[in-house]
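Pasting the structures in now, so scroll down.
You will see chain A twice below: alongside chain B first, and alongside chain C after that.
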Partner chain A sequence: MKKIFSIFSLFVLLIIDFAAFAQTQRFPRPEFESGYTQPVASMPEPRAGIFALVDVLLLIAALSLITWFIHRKRSRTGVVITSLFSIVYFGFLREGCVCSVGSVQNVVLALFNPGYHIPLSALAFFVIPLVYTLFFGRTFCAGVCPLGAVQDVFLLRPVNLKKWLQKVLGLIPWIYLGLAILYAATGTDFIICRYDPFVGIFRFNATFFMFAIGAAFLLISVFIARPYCRFLCPYGVILNLVSRVSKNHLSITPASCIQCKLCENSCPLDAINKPVEVKQMEGKRSATRRFILLGMIIPALMIIGGWVVSNFHENLAMVNSKVRLANELLHFDSNTMKESLEIEGFRTSGKTKEELYLESAAILKQFYYGSWMLGAFIGLVFGLSLAGLTRYKYREDYEPDKGECVSCARCLKYCPVESN
Partner chain B sequence: MKNKLILWLSVVLLIVLIAFMAKDLFKTGNVSQENVYEYDLNSLRHVDASKISHKESKQIKIDADEIHTIAVDQDDNIYVGTDKNVLVLNSEGKQINSLKLRQAASCITVMENGNILVGMSNRIDIRKPNGSLRNSFVVKGDRTYITSIAVQDTNVFIADAGQKIIHHYSIDGIKIKEIGEENRAEGIKGFVIPSPYFDLLIGRQGELWAVNPGRHAFEAYNFKGEQISSWNRTSMSVEGFSGCCNPSNIAILSDGSFVTAEKGLERVKIHLPSGDFKSVVAAPDLFEPGTVGIDLAVDSEDRILVLDPVKRLIRIFEAK
Partner chain C sequence: MERRDFLRSGLRGLIIAGLAAISGVFVYRNYTTKETCEFTTPCQDCKQLKSCKKPEGLKFKRDQQASKN
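So, the complex of A and B:
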């Protein structure tokens, strides 16, 4: 039965895929003899109000369904079904936009730029998964997010990473989140969308560079579970934090854990915490000393981080098109250099160089303060990660790590305990 | 062990991917200095070997500072116009005469009786076979610049790239008329000549063929100045001509096919009398990039003589 269902799902997926592909190919893009390549559109056509509402309703429905599958039915099959739906609808049909991962930037831009009115659908895609996570853990990551789902279906030969390596690589999404916020806040770019490895595949219009990146991520996904979710996704970082305080997170056993250890190695994300024996209570003096030490180290790391990153604020600002143009103009010598299209465009815009330099200086100032904050944030993450290593956690049962667990429900079938 | 290898390879790949993404984000290379509209001919310089019909059989080095033009007489003697003189070589390349000039030669034509017509800026010198001056005349006009001469009996046709017209003179220097002036009523569009390359020759039936380089066209006229035939081939591919103004120079084979030389894409080709592309004689890779003024001549055995002004060579091509 399962087999028939899988084949049917694959068939439906292929038909829908082909329809989308045929639509894109019906009117081939013109080719230019000059070698000019058309830029890849960063966003699909905006949705009319009613369709945006449909997207939000479908997001809620998918989240409710997958949460029901995980928490009530304890069904991995249900998760796979929802994953396939998400890949097809939120991935290929909606072309990966609007997605919750990228919506972080819309929210940040709306907070820092009063002139920007965030679309309600973008806000809904940002908030709704957070609300579900707050109550039920990362069920959004389990199979509603098309980026996570597409990696999950590729996981064929899972290999577990060393803990230390996970910790080190796990710092990257924090840095990525910080950068994404900095660039969105300064109105520079939506880098999460720009470097979304799968969106170009969903839209059949990836540049070779992004197609190679996406294909490589899928290749890694065969062995390492969800590499993008774990080691890059900035929204995953936020969900991780929210999930830690989630009210009804998935539990491996439906009743009491019998310590059979069957689930011990079942998680490809290595997100199952093993029981930890009772440890002798740490002396009050030692604990106080450790607390004071951490209390000094973390602010120091924040200051050092802020100072270091602020020294690179000009490099960070070069991603901004205005700053880059100003820099280009500053170093442009009409006698020896060929005028670029950007400079030509600027020259014909009627704007003066002085105006551009003033705007650029203002942006640089934003980047100076922003990079201080980014550095301090990175320092804080490092400090808290260090503090987390020194924290003792007593545990009796095998439990999912509430932050890292994406509620994929793989571990559930390993538990022999029947529900009451 | 195998799993460990896969794991580490995956981790390394992941780190490499992230590094690539970071590099792409922060790279500040001069990407914007690249002109996406650049007229890049490199991809067109390659010619499929199956389309090349001739092989280079001989090279003759010319001892001169500048060489501008080439012609061949009935006996296959070769005439090379330089900045100072006209060098006469036998068919083996041995110099047999040298005629001193008052100006640099821009074109040469040798008549059936052996008289040599040399075009220089706005002047035509007609030399006897022994080199002595028969007569000389100036083509009037402030902008006159003579680029080619064709002779039929006593009729002399002079291509004037400066005034964008063909002058019809008698051998004695008497002007008869002008040919090729724009005349919409007669269907003559006029010559488009953006650069000083404007060639002409006499066809097999005695008709006058002129290149209209700005239109990538060949136009045939009778001696009354009526246009009797034309064809054009504009194409970025080897089948036609591209750029502002091509072909720059032409010659004619015994079967009436045209030999053409181009600039920009430095190549020599053969087009059938209908204008259709036939074959490539010399591909662009045989010339220095930027070579202009590749003049052509054809001898009695249909060998194609190509003047390479950059390498200062006469390059002789024979059919394979």
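So, the complex of A and C:
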């Protein structure tokens, strides 16, 4: 263990040294008194590419290492070490960018806008954790994501929330994901990055508002495990779904469960499913009635959701700077009002008002259809959550909930069964 | 193989195929087409920021100034 740790530390130190060395300007740029200006380099900057590659390689290394710690070594200590590395490297050194959580928006923008070239590192940060999750569960959340890791190290006195509250709060990430997709697809904004509570802390440049939100999340993390991951993270929603079909998920016991109940309350995320006794089969008539009812409720919720949200499409579109500017120009009166910086900038750009209004109208149309889809999506999530409450699943052993479990490995030490 | 395992492995295959296809399309597009998208949220990486007169650029510079003060 010590040997592995020292090799790993050496590797990390080498990488950090390499980065620091490459960033130093070895020769100062000459200044010419004759007024000569240096031509702009026509070649792309090579350092950006190399560092993007280093980031991706380190992501793969960290994911492989933490997966090995969880599945082979069954070691919580290993998870903590990887978490600390992620906080230092992906958090403070890389300043929380590029991150998998935000990369969702890059992918959405690239899907809806063929003219956008997605940075390959962003694509890799989106795809690689998904592939690992598909095979090993949410090992990315366990300690490679700096946002999750920073909350995890703050968890000192875990308190379990009521199940109904967890279910209700658990709907928020879906809505947030829907909004993030709407804003990225329309090329409006990357709201996940803009309202990331921890990035400002990692960069030491948070506004007071964002710092307060980040600090509040960290304070809540002392008692409630990973509040951002569970009740806000949009990438967590995708990982949750993918993890349900994972090939090799973490298991609490290394062999057969002896039903000792020691692990029952060990999970701070309340992600351990307890055994469920065999229930008497539901009558065919009642099951059919329930199925028909749900079959009617879900489409109805989707239509209601779509209609409600589409009524707010103009408000949602106000986040778009072009729509906002067009609205501002429309209501601008030069006699009584002072010109804002945005209007001044627009005048110097040489664009006509009509062009801006046309662009704005096109964006509003996108928002109208987008908000219908967003509302229908929210209705679908509500409907499926309702349907999930009525679902019965027989279970013999204590098992981690494959969707909710972030593979933090806390429960492992509670199991008295030794591996064969 | 149980029915559920069969469905799960099928879904896994579908997800991997989907991810591979999307990645392939994006990489191919990056190397064969010219970028035309105007979306530039990370203004701080933009080389034209200093002389930028676009509303987004102006707003970004104003926000930067405000956060410094």
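In this section, the second predicted complex is superposed on the first by the 373 of 420 C-alpha atoms of A that agree within 3 Å, B and C clash if a C-alpha of one lies under 4 Å from a C-alpha of the other, contacts with A are read in each partner's own complex, and residues count from 1 in each chain.
Following the convention adopted for this analysis, contacts are C-beta pairs under 8 Å (C-beta built on N, C-alpha and C of every residue); 3 or more make two chains touch, one makes a residue touch a chain.
Note that the structure is predicted; figures quoted are calculated from it, not measured.
In the three-chain model built by superposing on chain A, chain B and chain C fit together without any clash. Of the two partner chains placed by the overlay, neither chain B nor chain C lies in contact with A:Asn273. Once chain A of one complex is fitted onto chain A of the other, the partner contacts of A:Gly115 are limited to chain C, with no touch recorded for chain B. In the overlay built on the shared chain, the residue A:Ile172 is in contact with chain B alone; chain C does not reach it.
When the shared chain is aligned, chain B and chain C each come close enough to touch A:Leu341.
In the superposition on chain A, A:Ser75 makes contact with neither chain B nor chain C. By the touch criterion stated above, A:Val242 is placed in contact with chain C alone, chain B being left untouched. Superposition on chain A places chain B within reach of chain C only down to 7 Å, the least C-alpha distance between them. Comparing the two interfaces of chain A, the one with chain B and the one with chain C have residues 341-342 in common.
Against chain C, in their complex, chain A makes its touches with residues 107, 109-111, 113-118, 120, 123, 127, 130-131, 134, 187, 189-190, 193, 205, 207, 242, 245, 247, 321-322, 325, 341-342, 344-346, 348-349. The touching residues of chain A, when paired with chain B in their complex, are 33-37, 157, 159, 161, 165, 169, 172, 191, 194-195, 197, 209, 213, 216-217, 219-220, 223-224, 227, 231-232, 315-316, 318-319, 324, 327-328, 337-338, 340-343. Contacts from chain C toward chain A in the complex involve residues 8-9, 11-12, 15-16, 19, 22-23, 26-27, 29-30, 33, 35-39, 41, 53-59, 62, 67. Chain B makes touch with chain A in their complex at residues 3, 6-7, 10-11, 13-14, 17-18, 20-21, 24-26, 28, 32-40, 236.
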